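Each chain gets a letter, A, B, C and D, in the order it is written, and its residues are counted from 1.
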Amino acid sequence: MPKIHTFDAVIVGAGGAGLMAALYASRSANVAVLSKLYPTRSHTGAAQGGIGAALANMEEDSWEWHSYDTVKGSDYLADQDAVDVLTKEAINTVVELEHMGLPFDRFPNGKISQRRFGGHTNKDTGKPVMRACHAADRTGHMILQTLYQQCIKNEVNFFDEFHVVDLIRVDDTVRGVVAIEIATGEFHIFHSKAVMFATGGWGRVWEVTSNAHSLTGDGPAIALRRGIPLQDMEFFQFHPTGIYKLGILITEGVRGEGGVLINSEGERFMAKEEYAPNIKDLASRDVVSRAIYLEVKAGRGINGQKYVHLDVTPETVNHYYELDGEDRRIDREYIEAKLPDIADFTRTYLGVDPVKEPMPVQPTAHYGMGGIPTDVNGRVLLDAQKTVLPGFYAAGEVACVSVHGANRLGTNSLTDLVVFGKLAGVDMAEYCQNAELLPLPDGAADEVMAEFERIRNNTGGVKAHEVRRKMQESMTENVSVFRTKETMDKAIADLKELREAYQKVSIEDKGKVFNSDLLEAWELGCLLDTAEVTAVSGLARPESRGAHARDDYTERDDENWLKHTLYHKEGDGYRLDYKEVTLGRYEPKPRVY
Amino acid sequence: MQAQLRIRRYNPEKDQAGYWGEYTLNDVNPNDSVLDLLHRVKWEIDGTLALRRSCAHGVCGSDAFRINGANMLACKTLVNRLGDGDMIKVQVEPILGLKVLKDLIVDMEPFMDHYKSVMPYFINDDPPPENGRERLQSIEDRARFDDTTKCILCAACTSSCPSFWANDKYVGPAAIVNAHRFIFDSRDKAPEKRLAVVGDTFGVWRCRTNFNCTNACPREIEITKAIAEVKNVLYTGEI
Amino acid sequence: MTTYSGITRRKVQVQSNFERYAFLFMRLSGIALLILAVGHMMIQHVLNDVHSLTLQYVADQWASWGWKVYDMLLLFIALPHGINGLRNVLEDYVHGESAIKTLNTVMAIFLIVSLIGAGFAIASF
Amino acid sequence: MSSLLLTLRESVRYRGRGGHYSWIAHRLAGLGILAFLVIHVWETAMVNYNPPVYEYAIAVFKHPLFGLGEIGLMGAVLFHAFNGIRITLLDFKPEWWRHQAKTVTIVWALFLVVFVPIAIYMLSSIISHCGHGSNCWAFPTYPVS
């Protein structure tokens, strides 16, 4: 029998979003935070470049400009009311983080230091603007640590290394979650009035990824299985600069500090007319990733391989500053101070010293713009009419508010985490004050326990890692920077086969204590689900928009497709449904950078 | 090349005591990390192997193990750093001084308790600036504690310290690093409370300047220096 | 642009305890011992080796105030340094509260007896 | 007890760098010197309290085995002293920690430079004393005549 715990609210996930929500919700409600990792090991800690907020600490800026950039970056798919909340609240929230002790870098005037980032511009001049508040290239680390520290201070209840495997939903109410205590293998039920999912991304669907091994799409998959739709899953961001083959991220901050992309002919190709003649290397991520892909396809990858060079050596950077007529010059020490971790990564993993040599980079699977649909208060929405599922919340990468639309701007995810994490936390605490604790249904954990028994005792002889690898290969081949009907059909067929193979997956570890064999097999099921939603949603959208770039439909089609996809699981099949995009001040127009 | 792994195994549900598991892997690339090798053992040879890992590039702090005798992160240790030639020997053990729960997994709670004991959170109850903006800080003041903000709580340091092996009441280098992070932050108002903890019997005085911690730290934090700086504050009463 | 620069120095109240003094003592006595102990070794064990050592030799030395003070200092610094070092080592490895209390008491008594006993031997010679 | 043995064993097994071995050597040397010092203090005190015991003790110390021990003591004091100064300096000057790996080497080098000539000198004096035909291996009997 699972052990039962009772709380007002349960937050699943202890990354930036989960911790921010916990901090606010626990002020007035009795909250438990469940995380399959120790909180400080969440992938928010890997975020490098910065958090976007129009503080205007060094040059003119405004939240309206930030909104404009976000909407333009999203290829007009973002909901503009939500974007305004994001950019306005960003300013207060970043200041608030500073008040919590977050050690931002400083400008000589003592204020928080900011730098340029892809897609962030001055709306009047179209030139890049310094908007990314940062702490060297470990901004996410500082956010994660600071929030965790504040949670310790405020005595938040943590259940570390508790792996959530199911949501308890009865009709249109949620009543808690089912989790496995990893250390003992025991099942626990957390009975609560409200539940929040803040489980992060699902980048492990792809082979070359900046995402952690733990980012397996548990949250979206569980939600889907419990009748909640997933929104805009076809939009998955490929970050242009991952370390070749490894996928480890090289922050856009490198280009923010002046780094440039170079092809085998020594050209700074982003400056070409067909890419981004105005802001060049600082164009939006989808644009840069496509450019790299096309350069490589045209045979201009370095040494004929599938990568290009990212060059941040002072000589190159200063050369291009001079060409661009900028006064700024950088030196070795500056790079070491502003990008110490990047330097460490490339030295460790490539033996390349970035102040002396260029780094080999290729696009890497990075960020899911889609996810569990919510409103700006984190309340989960069930359909195109925006019906709320009372008591169920989502925040962070797993949620789709949608402020990122078809393509997220760099630095906006961290902003999203803290802004919507906070709003969701506050709303959830309020909800708990008025809501009643509804009884647990009988056998609340039975279904998922049976599934685990099935996996544990299965004798099909298929190895989980092989299925996972094949899925990753297929998705990388067929549903990545560019896709077509053919490739997506292929992916869907592959996934069907792999799903059958998944039913035959068997494991070797039959024990209870730290049985990662078992948990990895279960996670694979989640990955397969999210992969399938991605391919199916993509196939159904015959246009190119943001990160969803199709070779067979190369144009954006605002007339028919300026709308959000909702994927509902129904029995063994699915149903697609579409939701209006909230427009506002910024009318859709062609995107030029 | 070929890799011969010796991995310290222990399953509390089956084994009375720990033992060495030996595994041979072929087609190892010199650029593979030890984590890659451990994954291969787990996925190709023995699914029961238990270890923690997440980010795979040295920023989450999950996989501090004792590799070929010394503490390091498996994901940040490439095979080519352990030797070259056609055959490479890799020995992986759990970190010392914390109870082994299964294979390479140790009980982190005592470590986290020491961390929490130094009040590792910003304390400043003064009202923030009236303009509603950030507190100001000079670049120089910010630089004083930059190094110690990098800690990812991997425990490689504390579990490499002979003083900690000998007596786990010692708060350990990681806790001192995190105390340093706040003691030297000009915005923080509670250095005295933290100094009372790290200045106590089982605080900085147990440090025998052995340097294993500094050498083990995957974030290259100058831990022993930070400890000495804290000691100096305790001698001089000035930060 | 207004600049905001420089390092803020702050005074803090630190509570002192035995370990802090013991730690400082180890370092300061160490510096003193560099001269006293190394000097002693050089003079007594190298320049004059044990073969020239006789009762008379010691007696001659202790007849001079200078040597008396030297040896007295050496005794009063080296022994506490060494005993405190031993205490450090034992506190690493012995964890029982009562066991370590007993050992500390024994060491303290031994230290006092030695200092008085040997100190008296030098002083009264 | 098992934890003590484990600690001691792992202290040797751990593959540390310079500082780790300096720490082991410093600790062993310190304890060694202390052991000698305790004997030495009481034995010397006998000059005053009980001269025959003192005479016997120095006679014993003339035995070549003790001579070798004395060389060891010399080494222990020298290493412990230099290393102790290293630790003290670095404790008070945290900004020098950057050079810690070098300081370990410097201490060992300094130690060897000072110790080796002295050790040779001391060794030669033991040999020369044994070379006088006297049976230097025999232990003295109490009281020394």
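In the analysis below, a contact is a pair of C-beta atoms (placed from the backbone, for glycine too) under 8 Å apart; a residue touches a chain by one contact, two chains touch by 3 or more.
What you see is a predicted model, and the numbers here were worked out from it, not measured in a lab.
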Chain at the geometric heart of the assembly (C-alpha centres): B
Most widely separated chain from subunit C, with each centre as the mean of CA atoms: A
Comparison of A-C and C-D by number of C-beta pairs in contact, larger one: C-D
Centroid spacing, where centroids are CA-atom means, of subunit A and subunit C in whole angstrom: 61
Chain centre separation in whole Å, for subunit D relative to subunit C (CA means): 16
Approximate Å spacing (C-alpha centroids) for the pair subunit B, subunit D: 35
Subunit A, residues touching no fewer than two other chains: 106, 108-110
For subunit B, residues contacting two or more additional chains: 136-139, 162, 166, 231
Touching two or more other chains - residues of subunit C: 4-5, 92-93
Inter-chain touch pairs (all): A-B, A-C, B-C, B-D, C-D
In the complex, subunit B residues that touch subunit C: 136-141, 144, 162-163, 166-167, 186, 191-192, 195-196, 199-201, 203, 205-206, 231, 233-235, 237-239
Of all residues in subunit B, those that touch subunit A in their complex: 11-14, 31, 42-44, 46-48, 50-51, 53-62, 76, 78, 101-103, 105, 108, 112, 116, 119-124, 128, 132-139, 142, 145-146, 149-153, 182, 185, 187-188, 220
Complex contacts: residues of subunit B adjacent to subunit D: 66, 68-70, 96, 160, 162, 165-166, 208-212, 214-215, 222, 224-226, 228-229, 231-232
Residues of subunit C defined as touching subunit A within the complex: 1-5
Interfacial residue positions of subunit D with respect to subunit C in the complex: 4, 7, 27, 30-31, 33-34, 37-38, 41-42, 44-49, 51, 54-55, 58, 61-62, 66-67, 70, 73-74, 77-78, 81, 84-85, 87-88, 91-92, 118, 121-122, 125, 129
